[in-house]
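In this document, chain identifiers A, B, C and D correspond to the written order of the chains, with residue numbering beginning at 1 in each.
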Amino acid sequence: MRAALHSLRIWLAEPRDGFALAAFIAGASILGIAFLVMLCGIPNRYRKFVVMSVTFVAGLFLSLEFLLPRDVVSAQGLVFSIGAIGLIISLGFAAKSAAARPRDIRGLGIWLAMTVASTAVAYFASSLRAIAVPLTTLSKSLTTARPAVGDLAMIISSFAVLLGILNLFQIHGRAVSRRTQGWYNSAAFFVAFFAILIVGLVMDWRQSQLAHLEPGSPAFTTVSRANTINSNLFQILFRGFLTSLESTMFSLIAFYIVSAAYRAFRIKSAEAVLMMVAAVIIMLGLVPIGASITSFLPESGIFSNLRLERISYWLLIGPNMAVQRAIGFGIAVGALAMGLRIWLSLERGSFFDRQL
Amino acid sequence: MGVFEKLQNLDRRILYVLLAVVVSAPLLIRPSRHPGIVLSEVQSAYNAVDRVSSDKIAIISTVWGAGTEAENGPQTEAVMRHMFQKGIKFVVLSWDPVGAEITYRDGSRIAKELGKHYGVDWVHLGYRPGPIYAVVSGMAEDFQRVIDHDRFNKKLKDIPLTRDVRSHRQIGVVVEITPSGTATTWIAYFTQPYGIPLVYCPTAVMAAEAYPYLDSGQMAGMLNGVIGAAQYETLIGLGNSPTYAAAAAWSLSAAHIYIIALIFLGNLGFLTMRSRNRVGGRAGR
Amino acid sequence: MGESNQFANQAVWIVEGLIAFFILHKILSARRGQNLFIRRIAGLNVLDEAVGRATEMGKPMLFAPGLTGLDIVGLQAMAILSYVVRHAAKYGTRVIVTVADAVLYTVAEEVAKDAFAAEGAPEQFNSEDIRFLSERQFAWASGVVGILHREQVATAFYIGYFYAESLILAENGQMVGAIQVAGTPATTQIPFFLAACDYTIIGDEYYAASAYLSREPTLLGSLVGQDYGKLLMLGLIVLGAVGVTVGATWPHSGAYELFKNYFLSFFPRGMW
Amino acid sequence: MLNQAIKTISDNATGITIWCGALCTFAIYSVLYKENKFYRLFEHIFIGLAAGYGVYMTWSIVLRPKWWEPMVHNGQWYWVFAAVLGSMFYFMYSKRHVWISRIMFGLFMGLAAGGMFREFYELIFPQLGASMKPILNQSAADNGVIPNVFYTLQVCVFYAILIACMVYFFFSFEHRNRVVSSAASAGRWFLMIGFGAIFGATVMGRMTLFIGRFNFLAQEWAPQVSPGLSHYWVWVAVAAGIVLLAVILKRHPNSSNE
C-alpha cells in the first residue's frame, strides 16, 4: 500500500506541459470548486467549529516548533517543568483553600496530594527516555517546514491584495456612475489606478521580452526603445506623483506640530510640565545648536555632566529606558494573553461571537 | 488688540511660512560641518557593521516608503556607503513597494560612484509583502526557497553574491531601517535566536522606545533619525563634505528652537489669560 | 551563543506556562460566572461626557480605529466602538467610522449594526457612515481630515493603533473644535495625544478600558490573569536583583554559583 | 500624433518628473491654507496610484514569479489550489457564505498567534536579565569614571521607575493601600518623562520630513525653474514676500482660521 501511495505522489508531482498541463489545471480547478461548494454546504452549527479548529491547528505550528524539546535532555527538562508548574499551582490552590475554607480538610487534602504527585513527576523526569524520540522528531520536522509555510503564507496572503481595492472600486464606482458631487475625483482615482498598473505591467512585459531577444538584433533595438519610453513614463508616475505625494503627505505633520505647539500644547497640569521639560531637554540635547548652549562647561569631570547633551542622553538611557521597559513588559504579557485567546478562539469580542 | 492678544492668536498660516524660512537657511548654504558629538549607540552600530567577516553577508531590511525617505534615506545611504567602502557584501530586502524602488535607485547611484557592481558587491531582492514574521522565520531556515529571486526575477542561485547563502549561518549582521515597530520581529525570529547582531535605524519617533533593547544587548547599535545618519557619516569619512544629513542637522537645530519658542509663546498667553481670568472662549477650548 | 537560546528551556516552560495558566484559569473562571474586579480607569468617564457633548450639539461623532486590521488592537477597538455606538443610539446621534482595513471594515459594519439593534434602534444604522477610506496610511488620514471638516464633527474618538498620522487627526479635530478622546497602546503616539487631546487612555489602560466596558468574561479574565503575569515578572526581577547583588559582594560563594546555574543563566544578557 | 507626444514626454522625463513633484507638493500643501478642490483631486490621485502600485508590485514580485510561472511555465499544476485558497478571502463580499473568508482569517491569525511563545521569550527574557542589576558595591564598576556610589544611585533610580510604572498598570485591584497608590501616582509622573522623551524625539523626526521636502524644492526644483534660483538670497526675498502677504491677509481673517 505504501509503495502505491508513494508512486501516486511521484506521478502527481510530475510537471506537465502543453495539453496535459491544461487538463490537470482544469481538473484541479474543478476539484477546488467542488471543495468550495462542499464548504458552503456545511451546516451552520458546524461552521464555528471549522473556523476554530483551523485557527487552532495553524497556531500549533509555530508554538510546537518552539516549545517541543529538541533532544532527550530537553525532553526531560520539559517533564521536570510540567512537574514544577503542577507543584506551584497546587501549592497555590492549597494555600487559597486553607485561607478561604479553613475547615475544609478534604479540599486541602486533594491539593496536598497534587503537590506530592507533581514533585514525583519532577523528580522522576530525568529517568524518562521513551517519550523523547517522537517529540524531538516532530519539532525538528516543524522547523524544516518553516520555509515552506513562510513561502505559502506570503503567496496566499498576496491573493488578498484585491480585498481593499474592490472596496475602493465600489465607493468610487458609485460616485462616478451616480455623478455625485466631486465625481471627477473618483474618475481621477480610476485613471491613476489603471495608469500606473498598466505602465508597470507593460514595463515587466517589455523587460521579459528583452531577456529573450538577442542583443543587437533589430527587434531588440525597437523593443528596448519602447522599453525606455515606458520606463520614463513609469518614472514620471512613480517619482513625479506617487513618491512626491506620499512624502509631502508625511511632511504635513511638521506643520501640524508647529501649529499644535502654538495652539494645542497647553501646560494644564503639573504632569504636562514634566513632560514638556523632558521634551525640551531631549530636543535641544540632540541637535548641534542645542549642545552649543552649554558648551562653556568643561569637557570632562563632574560639571561635564551638566552639559545639555549629557543630560539629554542620560534622560534617554536612564529614566526613559526604565519607563519604556515597564510599558514593554505590560504590552508583552498583553500580547501573550491575546495570542492565547485568538489561538484557542476564546475571543468573545463582537466579531467571533455571532452565529457564523 | 494689545501685543499679547496679537501674539496670542497669530494666524497659523504665518507660523507655517515662518517654519519654511527658519528651516531654509542651512539647506541652501549647505554647511559641511557635521555635528560634533557621536552618540555611543551610533559608534556601536558602526562597529557592528564593521566587524562583519568576509565569508558572511549583511541584510539591509528597509520597511520605509517615500513618506519617511527624509529620515530613513540618509541612514540607508550611510550604511550602504560604509559597506561598499569596507567591501562587505549585502542584500537589500524591502517590505514597502515604493521603498523598494527608491532603495534600488539610491544603491545603484552609490555603487556607480564607488565603482561597485550589482550581483557581486550588492543585490537588491525587491519588495516582499510579508507577513514579515512568516517570511523572516522561513528565511532563517532556507534563504534560497523563501526569497527565491532578486528584484529582476533572477534566481538567487544564479547570482554570485547570493549563490551560497543558505540560511542564517551566512548572515553577519541585519540592519533594520524602519518607520514602524518591525524590529521586534527580527529580534524574535532572526537576530536573537541565532545570535546575529541587529543594527536598528528607526525614524526618530521610534528611537526612544528602543533604549531597553540597547540596554539588554538585543540591539547592537542604533542610528536615531537623520541626526544618527549625520553622526554615522562622520564615522565613514564624510565628516566634512556638504551632505544632506549635515544640512538637515543644522536646519533641525533652528526648527527645534522655533518649536520651543512657539510652545513657550502659546503657554505664555494661556497663563496670562488664565491669571487675568478673563471670560473668553479661546482660553477654555 | 548561536543555537542555545533558539528553543524553549525549563525557564520558558515554567514562566510562560505559569503566565498562560494564570490567563486561561482566570478566563475560564470568569466564564463560569466568577465576578472579577477591574478598577474603572479615569478615561471611561471622559468617554461618556464626550458622547453627551455630541448629543447636545446635535452633530455627528467620529470613531477612527486607526490603521488596525483584524488584529488584537482592532478587536478591542471594536469592543469600545460597540460601547460608544450603544451610547449614541440612546440619544440618536450619528457615528461615522473611518476604517483603513478592508477586513475590519466588514467587522465594523456588523458591530455598529448589532449595537444599534441591541439598543432597539436598528433604523438608526446607516451603512454609509461606515467608510473604508484607503489602506495607505496617509491617504486614510487625509480622508479622515476631509470628513472632520465637512461633517463638523462634535466628538472625535481615536481608538486603536496609530502611527504618524495621529497629530494630523488631533490638530484638525482641534480646528473643528471637537472634544477629542484618544486611546492607543502605540507608545510613540501617546505624547501627541496627551499634548493635544482632552484625554488619552495610555498603553495597557487601552485593554483595561475595553474589558471594563464590555464586562466580557474573556476580556476581564485575561486582564486579571495578565496582572498575575506582571507580578510574576516583577518577582523574577526582584529575585534576580537580590541574587546579582549578593553575587557582586561575594562573587565566588557557592550560593552565587548555584544561583547562576539554576536561575541567571536562563535570562541571557544579549550579546553586545 | 499620439506617440509623437508620448515620445517628447519621455525624452525630457526628468524635467517633467521634477515639475510634477513640485506640483504635487504645492497641491498637498494647499490644504494648509484651506481644504480645497485642488487638494482633494490630488488626494484621490494619491489613493489611486498607491492602490494601483500595490497591486502591480504584488503581482510582479510575488504572484508572477512564485505562483503563475511555476504553474504555467514549469508545469506544476497543483499551484491552482493556492488560487482556490486565495479566492476564499473574497467570500467576505458574499452575504450567505461570509464565514468561508473567516476560515482564511482564522488561519492567518492562528499562524501569527502561534508565534507568541517564541516572541515573548526572545523579546522579554533578555530584558528580564538586563533588569537584574546589582545594587550594592558593584565590585568592578563598569567604567572606572563613575565612582561606586553613582552607579548604585543610577540602579536605584532604574528600579524605582521600573516598579512604579509597572504598578501604575495594575488593574485588578483598587489602589486603596497607601503604598500602592503612591507608587502608582509616582508611576504616572515617571511615565510623563518617558513620553516627554518620545515627544522630543518625535518632533525631531517630523521636522526632518519637512526639511526633506523643502530640500527637494530648493535643490531639485529651483534649478529647473532657472539656474540662479537655488541661491540663498532669492529664497529670503520670496519668504519675506509670503510673510508680508500673510500679515495683510490677517487684516481680514477668513472663517477657517477660528
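Heads up, the rule we're going with is that contacts are C-beta pairs under 8 Å (C-beta built on N, C-alpha and C of every residue); 3 or more make two chains touch, one makes a residue touch a chain.
If you're wondering where the values come from, they're calculated on a predicted model, not measured in any experiment.
*Asks:* If you average the Cα atoms per chain, which one ends up farthest from chain A?
*Replies:* B
*Asks:* Between chain pairs B-D and A-D, which one is joined by a greater number of C-beta pairs in contact?
*Replies:* Between B-D and A-D, the larger count of C-beta pairs in contact belongs to A-D.
*Asks:* Once you find the CA centre of chain B and the CA centre of chain D, what distance in Å lies between them?
*Replies:* 12
*Asks:* On a C-alpha centroid basis, what's the spacing between chain A and chain C, in Å?
*Replies:* Chain centroid spacing, chain A to chain C, equals 17 Å.
*Asks:* Please tell me the distance, in whole Å, between the geometric centres of chain B and chain C computed from their C-alpha atoms.
*Replies:* The separation of the two C-alpha centroids amounts to 28 Å.
*Asks:* Going by the contact rule already set, what residues in chain D reach two or more other chains?
*Replies:* 31-32, 40, 43, 46-47, 50-51, 53-54, 56-58, 62, 64, 66, 92, 108-109, 111-112, 115, 117-124, 126-127, 129-131, 162, 166, 169, 191, 194-204, 206-207, 209-213
*Asks:* Can you list the residues of chain B that touch 2 or more other chains?
*Replies:* 12, 16, 19, 67-70, 98, 128-129, 131, 134, 137, 148, 192-193, 205, 208-209, 212, 215-218, 224, 227, 252, 255-256, 259
*Asks:* Using the touch rule from the top of the page, what residues of chain A touch 2 or more other chains?
*Replies:* As it turns out, chain A has residues touching two or more other chains at 62, 66-67, 149, 151, 153-154, 157-158, 161, 163-164, 166, 168, 238, 242-244, 246-247, 249-255, 257, 259, 261, 263, 265, 272, 275-276, 279-280, 282-283, 286-287, 316, 320-321, 324-325, 327-330, 335-336, 338-340, 342.
*Asks:* Specify the contact topology among the chains shown, as one of line, ring, star, complete or other.
*Replies:* Contact map by chain: complete.
*Asks:* So in the complex, which bits of chain B are touching chain D?
*Replies:* 11-14, 16-21, 23-25, 27-29, 67-71, 73, 97-98, 100, 126-129, 131, 133-134, 137, 148-149, 151, 153, 184, 187-189, 192-193, 203-205, 207-209, 212-213, 215-218, 224-227, 244, 247-248, 251-252, 255-256, 259
*Asks:* Give the list of chain A residues in touch with chain B in this complex.
*Replies:* Within the complex, chain A contacts chain B at residues 62, 143-144, 146-151, 153-154, 157-158, 161, 207, 238, 242-244, 246-247, 249-251, 254-255, 257-259, 261-263, 265-267, 276, 280, 282-284, 286-291, 309, 313, 316-317, 320-321, 324-325, 328.
*Asks:* Considering the complex alone, what residue numbers of chain A touch chain C?
*Replies:* Interface residues on the chain A side: 66-70, 74, 77-78, 80-82, 84-85, 88-89, 139, 163-164, 166-168, 171, 246, 249-250, 252-253, 256-257, 259-260, 263-265, 272, 275, 279, 324, 327, 329-331, 333-342, 344, 346-351, 354.
*Asks:* Chain C touches which residues of chain B in the complex?
*Replies:* Within the complex, chain B touches chain C at residues 44, 48, 67-68, 179-180, 192-195, 197, 205-206, 208-209, 216-218, 220-221, 285.
*Asks:* Given the complex with chain B, which residues does chain C contribute to the contact?
*Replies:* 1-3, 5-6, 137-138, 163-164, 177, 187-188, 269-272
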